[in-house]
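In what follows, chain A forms one complex with chain B and a second complex with chain C.
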Partner chain A sequence: MRWCLAFLLVCFLATVSALSSSGSRLLVVLDESTEKSSFSTLWSDLEGRGYDLTFESPKSDKLSLFAHGERAYDHLLILPPKSKGLGPALTPKHIIDFLDKDGNVILALTGKSATSSSISSLLLEVDVHLSNDRSAVVVDHFNYDTLSASEKHNVLLLKRPDALRSDVKAFFDGEGVVAFPNVAPQTLGSDSPLLMPILKAPATAYAYNPKEETPAPEDIEATGSQLNIISALQSRNSARFTVLGSVESLENQWFTASVKAPNGKKVSTANREFAKQLTGWTFKETGVLKVGKIEHHLATDGEVAAEDLNPKIYRIKNETFFSIEVSEYVYDKWVPFELPTGDELQLEFTMLSPFHRLALQPTSRTETSTVYSTQFVTPDQHGIFSFRVNYKRPFLTNIEEKHEVTVRHFAHDEYPRSWAISGGWVWIAGLWSVIGGFLAFVVVWLYSAPIADNAKKTQ
Partner chain B sequence: MAEPSSLDVLLKGSSGRNTRGLLRIVILLTVAAAAVASRLFSVIRFESIIHEFDPWFNFRATKYLVENGFYSFWDWFDDRTWHPLGRVTGGTLYPGLMVTSGVIWHVLRLLTIPVDIRNVCVMLAPGFSGLTALAMYLLTCEMSTSPSAGLLAAAFMGIAPGYISRSVAGSYDNEAIAIFLMVFTFYLWIKAVKNGSIMWGALTALFYGYMVSAWGGYVFITNIIPLHVFVLLCMGRYSSRAYIAYTTWYALGTLGSMQIPFVGFLPIRNSDHMSALGVFGLIQLVAFAEFVRGFLPGKQFQRLLTSMVLLTFGIGFAGLVLLTVSGVVAPWSGRFYSLWDTGYAKIHIPIIASVSEHQPTAWPAFFFDLNFLIWLFPAGVFMCFQSLKDEHVFVIIYAVLSSYFAGVMVRLMLTLTPIVCVAAAMALSAVLDNFLTLGKPTPPSKVNADGSKFFGSGKGPMVGIYSSISKLFVSGTITLYLLIFVAHCTWVTSNAYSSPSVVLASRMPDGSQFIIDDYREAYYWLRQNTPDNAKIMSWWDYGYQIGGMADRPTLVDNNTWNNTHIATVGKAMSSREEVSYPILRQHDVDYVLVVFGGLLGYSGDDLNKFLWMVRIAEGIWPDEVKERDFFTSRGEYRVDEEATPTMRNSLMYKMSYYNYQSLFPAGQAVDRVRGVKLPAEGPQLNTLEEAFTSENWIIRIFKVKDLDNFGRDHSNVVAFDKGLKKKRATKKKGPRVLRTE
Partner chain C sequence: MHLWQATSICLLAAAAAPAAAADWGFADATVAVQPKGAGVNGGFKEQLSKSTPLSKPVSLAGADTLRVTLTTQEGSSAKRPHQAFLLLKDTQSGLDVSYPFTVKENGKSRVELTQKDLPIQFLSLAEPVDARVVLGSFGSSTPYDNSVFSLSIERNPDVPVPTVEVARYGKQPQIHHIFKGSPTSPPVAITLAFVGLVLAALPLLGGFWLLLGANVKHLPAALQSAPLPHAFFLGSLVAFEGLFFLYYTSWNLFQTLPAAAAIGAVAFVSGSRALGEVQGRRLAGLR
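And then the complex of A and B:
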């Protein structure tokens, strides 16, 4: 059976051209009890985008994220299990290892049932916190769907999020509202730069456990936009981990539902587009940067010969040219990467600390990439330097390039010659006057020997 | 003596002179051969390997020279040491040694003798020690009229342990050729002073230049020659010979020495060289005074001289002070101060004091290194006082100075050895010349008036020892001493000075030799299992060896030019992991190497050197690293249960004892160097992981972990990997901190 599967897999790999930049094998973990068909639109959308879907139950014996020590899948979509925990094949350790090996994960939660402790401890590892009893639901009395949740107010109607900051690209924006029923809220640890909120709850939202009584105000951990509906972690190796608070928002019924906000008009939801954006981003269809050629060489006017390219060693005070080629993946192709306005791609020339930190300018463009470059003079300090490009922005994969070069001192024959330095003329004059004087003295001495006879006579 | 024996044909007349000359050559060659042979113990015992620490750098530099040619060696910027600062190696080394072996290698290749450069390097020191013996012969012959003195001195020099300690095969250090150059320069200097010849003076300068290119100890020559001249002047022995010799040497020698990039302008800027300049000025003045004396009557001349001397001294002194204060002339270097005050280095420059060869000499070392020469030495110096010629003054000055220096620093025993050999040979040859003459002079027929000159000469006019019993006794005793000397030298050489220290030897219970090869095992592990540019951090002692044997970049090495960088390593070693890790990251460290002798009882390990790391780090960061914290409240340096928390949390301690407890039954771990029982619970490392531990645990290599993929603390990661559940952060007091995004 195994080899049969493997053969099939190879066939799939050969025939299906993945649209994601990092592979097409997608494992969907869902309970048998969960209606697989209720997400059928999502599955067909994903298959339409080139993914190979494998469905496994968390309890299945065959379920394993790894085969022969390598990832068996490229992406992982976990729907909330009805039972407690995700089983022995999906412990927090496995999922962390999966992320360590560049796999991407969407973890969907639901406010309907309590989240299992194994998921909670996984989230705790990456500094995403669930509510204390793990069964809170976000409600909002101002942005709810009046059609389906007129009583409970637990179906949130939210606009798609804009860019996080003005200098960050938006990947989830667009027209229309998205419905999020039964959101399990998350809060983010305050000190991790790897975490980012994709969608925050509106300021008027709050979370509570509907099975309990209304909590005392001092027990409320977070309210309003401190609560996240969707949060994401992009680890240092650029693996993506998205936590979606509401699995129902991916269901067929909400893809096509009509909703009406209080005081609003009846509109149909944009859940389907948003699900595409969300899965597309997490599975690296968008926001993926790729570094192409990196070139550095001495600045010259003409073409640079191949052997002078990327030398291992420079000299101090060399005029140096550096360029880096960056592409961005947008759904199905590589396009030239454009910096958001207000942002800079920077080059550091570093030894222990940066000696130069320069903005790289886009100088040329190929079909799939933009070439950023700059020119500078190596500092008057020899040592082992590195060209570093460290570009880490929310929602974009990390660029961390480090190229070591040696900067040497002047060789003995690279200093200006003595006569070229006007200050040295004094010494040169002194030198030659001594030599000349000595020669003159020798000449005078040789030709002015006293006549021996006369000397004797006078004595 | 009625009948001429067959021997007399060989020993008398012109053929006798020829025979003696031939014998002398044969003896000298034998001495040279003995000198070479006795240095080969290390090759026979171990193998043809470069020894110790500095030789590894010299070897690496030589390989670079041979591979890349002279000019790229001259301009060599070494990016594999002192990461990330690099080292301008071509400009900060004494190239004489490497160039010498490079030339030898090229000459051998020219003669179509394909020799590995390593073998040239290994055999260079023994080869040059043969030459030193010859130079010693020449030098001593200038000192003594006795023909045997030179031969004795050559023989002494050939096998004296004081010199062998730095010149066994494989000890490829600057001293290997420098001692030959020093002795030969002194010989040429004596020649120059004796003859007053520009040629000898120029030759002195030439070899002085060679010496400068070979060893930092050239300063010794730079100071002792001016001192010799100065003493001669003070003794009223000014002569045109001294003037010519000194001025020629100084002018040419200084120019020559300035050609070495590492020396550069030191001869005119550094205080260590100022005495040579001062004496150069002085001798001009004295020469001028002598010249003027020819024209002036005595009284006026006296007055002129006094005022001139006072004036020049005042101006010169004030000028020197002014220049030193303004920074044009560098003040005395630290190593120089430590020559006068043995406690200076310990307080001010721990890095100098931490080197064992910079420690003051223990008195048995004199006997150990020189055997019976040490008590013949004063006798020889005394004999120099008897016939106090110019060259004897030199011997006396040299003897006094180097005796002092050898007492201050173990390493300077090396400069003492040549003069001890000279003096001892003079003394011994005087004895032998008196006691080994076979014939008795025929008593003169009449008592001449000269007899009254001697005290107690009542018994007869004949002075001397003519009894064959006393001759036999004395020469027998001396022969015994000489034999013991040879036995001692051989024993010392084979037992004390022939260990490469890269390879350790110990004895098994049955007496067979057991080779401990952990160093090379670990270095080859690094060479074969790590990327080519993996940065290795270790204490600086092992820098050269890692560079030479493992061929990996290091942070610090035995060329201790940057104290701050060394202190950085010291700080990383002596701090908590949380402090060390950012330092390691900043310096791109991939692997950390420590030497641990606890299992084998190898006392030269890093924990025993640890206090020096702490001290050096404390010198730069007195607020962050404190030596006091490493001692218990009772002032003890401990590693067991009672070790201080600072000690137990230091990276060095953790690395040394990491996993060590697993070798022993629970609670039985013992450190055999420090002879203590270790805590039952071993230290835990979070930011490093063990990469390699050598067979006898002498070398342990740890890999520096990368930052955690999810931005977690390394201690949390380790806990997570062990399966411990993370506790949910308890509610913080006060208002929640909001994420602002």
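And then the complex of A and C:
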């Protein structure tokens, strides 16, 4: 019996360990006319990572992202349809609702044909912009594949991107070049911190409409690194929406292709690894953070008793200790979360606005998590405060923790005693000298013999 | 590399084109900075070389117009490329922006730009930016991308540099609460001097009393006539002060009040007797 249970448990763990952190139901939307088999390596890679793939045509009647008001799928992969639009089941509103319900979306585009206006309006919802005529293709006369696109230069050969900034984790880096044929470029609105470029075009790249002759200078809207080949949005609920400019880069043909840059050597592409990184990130296999135990208590040298842990009330100027346990999901397991250099996990002690914002330092590490902690003195202001950890970074799911505590005044018997205050000694001495004088006066009044008699006698 | 060149040469030879035609480049290139209001030939003008950038940075002030003219060539014949950009690149921040040349069919190209055309981010750069000419076209021709001069963007120091504030997720500046200063006491020496003054009042008072003839000459008589009331009365007064001292240092009100009641009862009873004895002395004319 026990063996049986253990076996079942092992089986359960084995299936669980190869899954995304947020579910395995993946809906792939592709036209019937699209060659499903030309992406077969991608499908088998995804199935190998534990996804249950469902294929639907955008025109299908059965297609619905929701069942009984809940998400019917966890993830969505949309390949560019040949027909106009994505149909009534995949309107921009449906897809935004899907994101709102924590679903993750990859939207693949292609520069081969014009992008439909419904996709363009979906992208406008997330402040991602396509070119005006929606049929631009990125070319770069310096980084193209000389074997397959020696004439048109529309197969871009790019290194896998490094970290977006020095204080951001790199999820898409690695060796090798990735081929991106027929890229439909995107530009990003600059206002939103939720948007981030995954892969930018090189500085010498530009976009043009292949149906037209040489582009007029005024037709060139964006060039170089303003053009994005892959861009992503991570919404406030940490749902992920990735726009991939080149659907062909996911095809079997480019997973195994040999390419050669001008003046370069013949190499095989890293598209397959990159596709794993891209789908893995979007479907929450990487860059997912989890908060474990959160502890706060008065700072002490030794162990803290259970009843002194996470008290509801503190006093002003208390030396306080706070710790938070953070894990990161990497493909199939939780590992200790390491901060990128230059970044900080910050604790705020706030009442309306932060009174303290302090860096949490990694102090210990368990098998699956890192414990970050700090120690500080509660401010000299009483009120309802909260310990707040608000960690939002590009490519990482959001951590928003808020734990409310009361901070009270000194109690009447917690102030220093008057004799400990040197300035009060004068008053204390005055008091006791009055008491001494009173006792002396009582004695004199009770027992003093009058001297008036002597005076009378002498008179 | 060699293989590729060889094949390209073969291809070009097959197409009966001169081998040198594979390289994009330019000729008759000039860069000019024309201040506002100056004539066509006013201001700075310099020839550009295909291979070496200008040694000095070209400065572009507030209302100046920068003009780059050149003739694009494939090999040595003038030809129109698909891509003809003036690329400004800041090597430190990695910013880049391109300005397409207006190219005629005969390769004559020009581009003009003023500070208004530049992205705001470029206006606050301290170092000159790299200005490159990028020429490229389809097919096997070798594209051209070289630095031709560096452009320093001069700002009028009196006019604030426009900045863009965009929200990006990242670490925020640390905040450390500034505590109110703790209460302070005057120097201990001063305090002790005043304590001395205050305590000196007691011997001073005693001295004045002695000078006026205060004495305890009736004490033996009082103790003789009513020893217990006097001892208890004085004792209860001292005990009261002791009780106050205990209350001040450690006792709470609930310990103090019963004790005060007990001492008070003793003081009331013994006090009435002791004061009766004092009255007796007064009636006897002794005080």
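Everything below uses one rule, namely that the second predicted complex is superposed on the first by the 411 of 459 C-alpha atoms of A that agree within 3 Å, B and C clash if a C-alpha of one lies under 4 Å from a C-alpha of the other, contacts with A are read in each partner's own complex, and residues count from 1 in each chain.
In this text, contacts are C-beta pairs under 8 Å (C-beta built on N, C-alpha and C of every residue); 3 or more make two chains touch, one makes a residue touch a chain.
In this text, all values refer to a predicted model and were calculated from it rather than measured experimentally.
Of the two partner chains placed around the shared chain by superposition, neither chain B nor chain C is touched by A:310. Shared-chain residue A:355: touches chain C; no touch with chain B. In the superposition on chain A, A:125 makes contact with chain B only, while chain C stays out of contact range. Residue contacts after overlaying the shared chain place A:165 against chain B and chain C alike. Legend: residue contacts after superposition of the two complexes on their common chain; A:451 is shown touching chain C, with no touch to chain B. A count of residues in chain A touched by chain B and by chain C gives the higher number to C. In the superposition on chain A, contact of A:404 is made with chain B only, not with chain C. By the touch criterion defined above, A:380 reaches chain C but does not reach chain B. When the two structures are aligned on the shared chain, A:190 is found in touch with chain B and with chain C.
By the touch criterion defined above, A:64 lies against neither chain B nor chain C after alignment on the C-alpha atoms of chain A. Judged by the document's definition of touching, chain A residues 165, 190, 192-193, 226, 394 lie at the interface with chain B and also at the interface with chain C. Of all the residues in chain B, the ones that touch chain A in their complex are 71, 74-75, 77, 79, 83-86, 88, 91, 261, 533, 553, 586-587, 707-712, 716, 720-721, 723, 725-726, 728-729, 736-739, 741. Only residues 92-93, 96, 99-100, 121, 124-127, 129, 164-165, 188, 190, 192-194, 196-197, 221-222, 226, 233, 235-237, 239, 313, 351-352, 382-385, 394, 404, 406-409, 411-412 of chain A touch chain B when the two sit together in their complex. Chain contact summary for the complex, chain A toward chain C: residues 139, 141-142, 146, 150-153, 165, 167-168, 190-193, 203-204, 206, 208, 214-215, 217, 220, 223-226, 260, 262-263, 317, 342-344, 346, 348-349, 354-359, 377, 379-380, 392-394, 421-426, 429-430, 433, 435-437, 439-440, 442-444, 446-451.
Those residues of chain C that touch chain A in the shared complex are 1, 4, 80, 82-83, 85, 87, 89, 94-103, 111, 134, 136-140, 142-143, 145, 164, 166-177, 179-180, 183, 185-186, 188, 191-192, 194-195, 198-199, 201-202, 205-206, 209, 212-219, 222, 230, 234, 237-238, 241, 244, 274, 278, 286-287.
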